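These are the structures in question, set out in turn.
After this come two complexes, each holding subunit A, first together with subunit B and then together with subunit C.
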Partner chain A sequence: MPSHARSWLAIAAVVAFGLVLALVLQERYHHRVLTLVFLWAAMGLAWNIISGYAGQISFGHQVFFGIGAYVTVLLVVKLALTPWIGMGIAVAVAVLAALLIGLPTFRLAGIYFGLATLAYPLIFRIVMDWLGYQEVAIPMMRERPAWFMQFSEPRSFDLLALGVLAATLVLSRAIETSRLGYRLRAVKENEQAAEAMGVDAFRAKMAAYVLSAAPAAVVGAVYIHAILFIVTPDAVFGLLVISQTLVVSLVGGIGTLWGPLIGAAIMVPVSEVLDSTVGDRLPGIQGVVYGAALMLIMLGAPEGLYWRVRQAVRARAERRAAPARAVTLPPMDTTPASAPTSTVLLEVRDVWKAFIGLQALSEVSFDVREREILGVIGPNGAGKTTLFNVLNGFLLPDRGTIRFRGETVTGLRPSGLCRRGLGRTFQVVRTFPRLSVLENVMVGAFVGERAVGRARAIAGDALSRVGLGDRADAFPGGLTTLELRLMELARCLATAPRLVLLDEPLAGLSTDGVDVMIAMIRRVRAGGVTVVIIEHTMQALLRLADRLLVLDQGRRLAEGAPAEVTRNPVVVEAYLGKRWLARMGTPAC
Partner chain B sequence: MSLRIGRLAVTVLLILVAAAALVVPPAPAAEDVKIALVAPLSGRWARQGQLKKMGADMAIEEINSQGGIKALGGAKIVLREADAGDSVEKAVSAAQRVLTREKISAGIGSWLSSFTLGVTEVAERLQVPWLTLSYADSITERGFKYTFQTSPVSSVQAEQALELVTELAKKNNRPIKKAAIVGDNTAATVFFFKPLREKLLAAKGIELVVDEVWTPPLADATAIAQKLRATQPDIVFYGATNFPDSIQVLQKVKEFSVKAPIQGVGAWLVTPEYVKTLGKEMLDSIQTVVATHPMKGQEEIVKRFTQRTGEPFMTQDPLCTYGHVWLIKEAIEQAKSADPKAIRDALAKIDVTSGPAATSFYPNRIKFDERGRRVGATPLIVQWQGGEPFTVVPTAVATRPVAWHK
Partner chain C sequence: MVVAELAQYVATGLLVGGVYALMSIGLALIFGVMRVVNFAQGDFMMLGMYLTYFYALAGVDPLLGALLTIPPFFVLGWIVHRGLLARVTGGGDPQRQMDAQLILTLGLSLVITNATTMILTPTPRGIRTAYATQAFTVGPILLNEARSYAFAMALVLAAALWLFLTRTDAGRALRAAADDPEAASYQGIDVRAMHGLAFGAGIALVAAAGGLLATYYPIEPSVAVNFIVLMFVAVVLGGLGSIPGAFVGGLVIGLVQSLTLLALPFQLQNTGVFIVFLLVLYLRPQGLFGRRARTV
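Showing the complex of A and B:
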């Protein structure tokens, strides 16, 4: 991939530039600023893994920074263990801490997660105070300074910090381009859709948390040896650490490895220059100017400098881009497959679900046979979507069992069901807006495929099958409703499902669109996939479904062949009312 | 919108440049001796840093007006101050900046012990002698050769302070049987309380009846005041370094009419702000242990200080820095050189018992041991009397007799 090669080349260029700076700079203080730039960029990158890629804003990330610092220094002080080994132990401790913190905390979503993370550094501060580690100075090792990371040559610290930065950049790039990276972005964009596409959101977030804790611990350890020479709870667990991390990340832009790098390269020198010019003469003014600079940047580029510049470049390119065109289905290369078999694929028995006071589902039982198209109909509020949510694991039934391919799957998470071959689409299309169409579909493809290249191929194939082959690089925001529905279907198909739950796939489509979609669903079935479909448009469903299941007020009202069901007086009554039934004698549709 | 931001940016930049241009210091003459002061001049400890600077400025003015450094042909001393801000990172950066930008002969700072720990590491690496008033034992436990600590270290301070206080109590026929410890968990306080709690009190047969420690800010002092009232200790060792916390505790103690004498542990309890907030009556007879305070014979210095700064009285921070500058001058005279290594060697050998440097510390002798600690350094007890803090113990250097609690 040329774009991949370009990224690696860019990382190499950054490291080379850092190297040149480290060698060229003369004044000790300039080296210190350079080391600070490298370290804060690395810290921003570490934070960016959990908060940028995974979207879980952590306000307490300095907890790992502090663990790295304290563990390394205490090992030097108590056991005279070199920080080179101590750092490894510190990373292990940080990873363990990330697991312990993540377990309870990832149960919280969004801002609640962020608020909960605030607590951990505070706890560590109190514990360190209690242990009597208010100020731990690193003993000076005059015999073997290098072994104890006590260089007198400031370049050594530059190189050490640059090494940490390079490793964090490589780690970030590896995550960005890996299955985990796509999954994290999917979780960030839409956690429910990601779950439905087989992404175990909890595990993905945990992986990101651990991966971001490790470099933070290394940065903390190096920071103490290169910058502070002393560790205090306030200096490493305090708010200044997280605010500096947030500043470099937010100024540069989050969700990309270039953001924190740009942010650190600008904000750290600005702050130091202010300190050394106006700060020493008018103490305090540096804070005011720094704050003003920060505000200006945030006003001018609230999403971060990197995204701002990229957006400007993109906008120029897009002015020349091609306009949208109608979707045409590729020709069928297989003849329609056989009718449903008698094998039961999904078995629903006596399922009940209530929401405080509202009985959404009551003793619902039915079977889905392999390769059939089962339509689920019912008036608004009949419990159709609730049924789907129960079937694919978003909701836990109060009672009842669901068996899929002979296995009891009640209580499994959506991701687990998806991996077992049960896919779904949503009533309102749930996209990952910042991922391209191809990448959206790739998230689904990762269910069965670990390698990014092959997942890309599978996704591309799924897109061509639904006729979106040439929209692969577009973003969901630029798609028509039909294209969105097709993309969601492709994403679902990329998970290689045995059964798909389609929640009103025809809603909001034009007549032409409905035709395309119906043909597409038929093709899905022809490919050997069983389809359960919720639909309001009776006409369409009558053309499509082999059997219909009618729900009313959470109960199964009728089940059977479409013609039979639509003549059932009970069904007509539920849909149109008693009076209609009396007047018509026989139902029309 | 973007245009407006641009204009704003330009305005800010112009102000910046103007500010920088206005305050450019005059270039020093070639033979000037530069000494650095790294102290918090902005942020939450800015006031302490400013006080230190006042002391340094006064000493430099005196030295220069009295003919400068004689051994160097009347060379003048100039001060290079760097703002340590409110974090260790800033403090260490400031030290690195000021010590590498030009040739600095010696340095002073940086008030907060964690700042000092970081800053002295830089000074040690760059081989610049450094004088500090910080108490922490760890500052001179790292085997540094360029760090000199004039204050008694925390562990010794606690022991000596307890000695002074028990003596005082005995003389006043109010022997101490029960003691209370009340304070926050900042480093200085913790290191003072630790030996008290662990061995010193027990060794004197004193029972510890209240032990209340909090992380600033303190939410409510009521419980503390109630405990003190209920247990009626003979002395309260008091370490609330955070001003609002301290005000709260002292007000509650008054409200609950706690009779126990309050013995602070640090110079934070004798700042003019206390008089402004609590009034002089409420402060009366509250005392505290400090590293140094104007002593008998220093009346002239205090007078000069209050006149030139407008401060109501002189305290540890300016006095210490005043003494440090004079001490550096002494060392340069003895070394006959402005070279930092030579000054360091002179400081290691120095033994002075008179002059502005020696009289600023108790006992009035400056000699450092091989770790860089001042030999015999003993704390003083300072007591609020009529809205002003006076040295009351030891009596040899006291400016007022002690007023023991009724």
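Showing the complex of A and C:
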């Protein structure tokens, strides 16, 4: 892709520009500012991996910065081990710490996660004080200064910091363009939809956390050798470190590798210049400037400078409005065939589920046979969506077992079920709003495909099959209800499911839309996929379903062929009503 | 004698915990109504300490001074909400709006701490009172007078908030706006005004708590950091946004801090607090009093 090549070129250009600055600048103080820009940009990028890409705002990321600093310096002090090797050990320790911290902490969501991360650096701070490491100075190594990262030439630190920045940029870019990058964005946008599309959100977050801990540790190690020379708990685990990280990232914009770079290039020189000119008279000036920058950016452009500028540029380029059009399905490519077989694909036995004060499902048992379309009907509150949530793993049943393709799957996470071939759509379409239509579907395609290029091809194919081929580059916000429903179906089909759970796929559609959707669902089945569908419109379901399952107040009321079920007096009483009978003519008695 | 010693630690912990409780309910009130974690809460507490200090220089007893911080800080909180927080829109996405507001309070906190350092210097100050070094004797237990008065005042102010929320129309409107902003606005409740009221009241409470704290704790710009974390812990302990929960959470923090001293050296007294915090987060993230929201 040309845009990929452009990004790599841009990274090379940034590094080259940094190199030029490092060589051209003369004054020692300027070199110090340059080193700081590189290091804070790298720290911002590290934070951006977990908080920008994965959307898990961490207020305690300085814990890894501090580990990097302390481990490297203590290895020099205690074992006279060179920081070049010590850094590697520090990264290993930071990764281990990330695993130990992440394991319990990623059970928390949203603000709870953020608040929990606050505690870790504070604990480290107290423990370091207590261990007697209130102040550890790097011992002078006059014999082999370069071996101990003790350069007298300030350019060397520029180059070292630039190297760290370049590596972090490459890492960030590699994540952005990998399967993990797409999955992280999906988790950030809508964690439940991501889980249902086979993304193990916990594992994705853990991967991001570990990947963001490693560069943070390296930055901490270099920062100590280039700038501080003495490590104290407050200097490395303190609030100033995370404030600075947040400032460069948020001012520049998060979720992109350019944001922290832009933020550092602006904020670090500004605060350093202020500090050197008025800092001795006004000791808190840096903090005031950082704080004011955070406030101004939240008031003026909360998404950050990069996104704001990009949005402005895009808006100018894309004045042409997309023409409104009707969705038409492409011609059928498979021969309609395959009546339901008698093989049982999904076996539900004695499933119970209660919420506080409400028995949502009681004693529900039924089978889904391969290649059938099973309609699930019932009045509002009958437990239909709860049933789906239990079937695809969002909810754990209180009792009962679910077997899918002969394997007991009760208690599996939605992502695990999805990987085993059980897909679903939602009553209210759940999109990843800031991913394009194609990228939305790619998240599903990644279930069976690791390579981005091939996942893109699978997704494109799935989109063409539902007639959305020419909407691939649009964003979900610009789609009609029918298009959204079709996109969600395509995303689900891209996971290559054996069985799909469709939760009211016809809701909110026009008559034409209903026809398109019904035709589409028939094709899904013709392609060999089994369908379980919740629907309120009885007429539509009668056109589609091979069998019906009727739920009422969480219990299975009836099950069988549509004609049979709709004449069942109990069903008529509970759900269809007498007028249904009148309309359908006299039932056979 | 072991029992007496234990009782002494419990009593000391509860006395300190009362002031923690007062500052925490301010934070809980703001979170409960606005769904925003106010990172600047500790800084307003610090400013409350300073105002009480200046009152004391003018001859006002700090216990009265703490009360007198309430009106100006209510107004300040209201202005901060109207002038800053309410201007963050988030492009119509409530989650983004709350995130942006949270970051805004973080920026505000940096500005307040550092501007205070610039203007008032980092030198710690203290208020001398006759009762700071006196103690009541209850059986074998000594109760520091300053802390006892502070504790009593904290209880009174917390009770006043509770009465306001449950017995007045404005309080009920505030709770309605907290429970369901949309439904509340259909009932004619001005949700933005309710947010301003909650922010003003939350700031006023924490400033008063700062004033009470100032009777026995050194006053310096960096004091905010130590206390904001304790407030977070108390509020999470009580279940984010629950006011009675935050009150009990504050008392528990005081107790844990005090009892940690039985086992660990002084500089580790907050370790106990953080361990309790993490345990609660892992085992009962909805807090001791909160109810877990349905996720699907």
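Some notes on this structure:
Note that in this section the second predicted complex is superposed on the first by the 553 of 589 C-alpha atoms of A that agree within 3 Å, B and C clash if a C-alpha of one lies under 4 Å from a C-alpha of the other, contacts with A are read in each partner's own complex, and residues count from 1 in each chain.
As a working rule, contacts are C-beta pairs under 8 Å (C-beta built on N, C-alpha and C of every residue); 3 or more make two chains touch, one makes a residue touch a chain.
From a predicted model like this one, the values you see are computed outputs, not experimental measurements.
Of the two partner chains placed by superposition, A:Val170 touches none, neither subunit B nor subunit C. Of the two partner chains, subunit B is the only one that A:Arg28 touches; subunit C does not reach it. Using the contact criterion defined above for the overlaid structures, shared-chain residue A:Pro104 touches subunit C, although it does not reach subunit B.
Of the two partner chains, neither subunit B nor subunit C is touched by A:Ala507.
When the two structures are aligned on the shared chain, A:Pro139 is found in touch with subunit B, with no touch to subunit C. Legend: residue contacts after superposition of the two complexes on their common chain; A:Ala526 is shown touching neither subunit B nor subunit C. When both complexes are overlaid on chain A, the residue A:Leu81 reaches neither subunit B nor subunit C.
Contacts of A:Val273 after superposition: neither subunit B nor subunit C is touched. Once the two complexes are laid over each other on the shared chain, residue contacts for A:Pro283 go to subunit B and to subunit C alike. In the superposition on chain A, the residues of subunit A touched by subunit B in one structure and by subunit C in the other are 126, 129-130, 282-287, 292-293, 299. Here subunit C touches subunit A in the complex through residues 37, 84, 87-88, 90-91, 96, 99-104, 106-118, 122, 221, 225, 229, 232-233, 236, 240, 265, 267-268, 270-271, 274, 277-278, 281-282, 285, 294-296, going by the rule given at the top.
For subunit A in complex with subunit C, the touching residues are 57, 104-105, 107-108, 111-112, 114-116, 118-119, 122-123, 126-127, 129-130, 192, 239, 243, 246, 250, 282-288, 290-295, 298-299, 302, 355, 389, 394-395. Put simply, subunit A touches subunit B in their complex at residues 27-29, 32, 36, 125-126, 129-130, 132, 134-140, 142, 152, 227-230, 232, 234-235, 238, 240, 272, 275-287, 289, 292-293, 296, 299-300. Residues 2, 5, 8-9, 12, 16, 19-20, 23-25, 41-43, 46, 49, 81-83, 85, 87-90, 92-94, 96-98, 100-101, 113-114, 117-118, 121-122, 124-126, 136, 138-139, 141-144, 185-187, 190-191, 194, 215 of subunit B are the ones touching subunit A in the complex.
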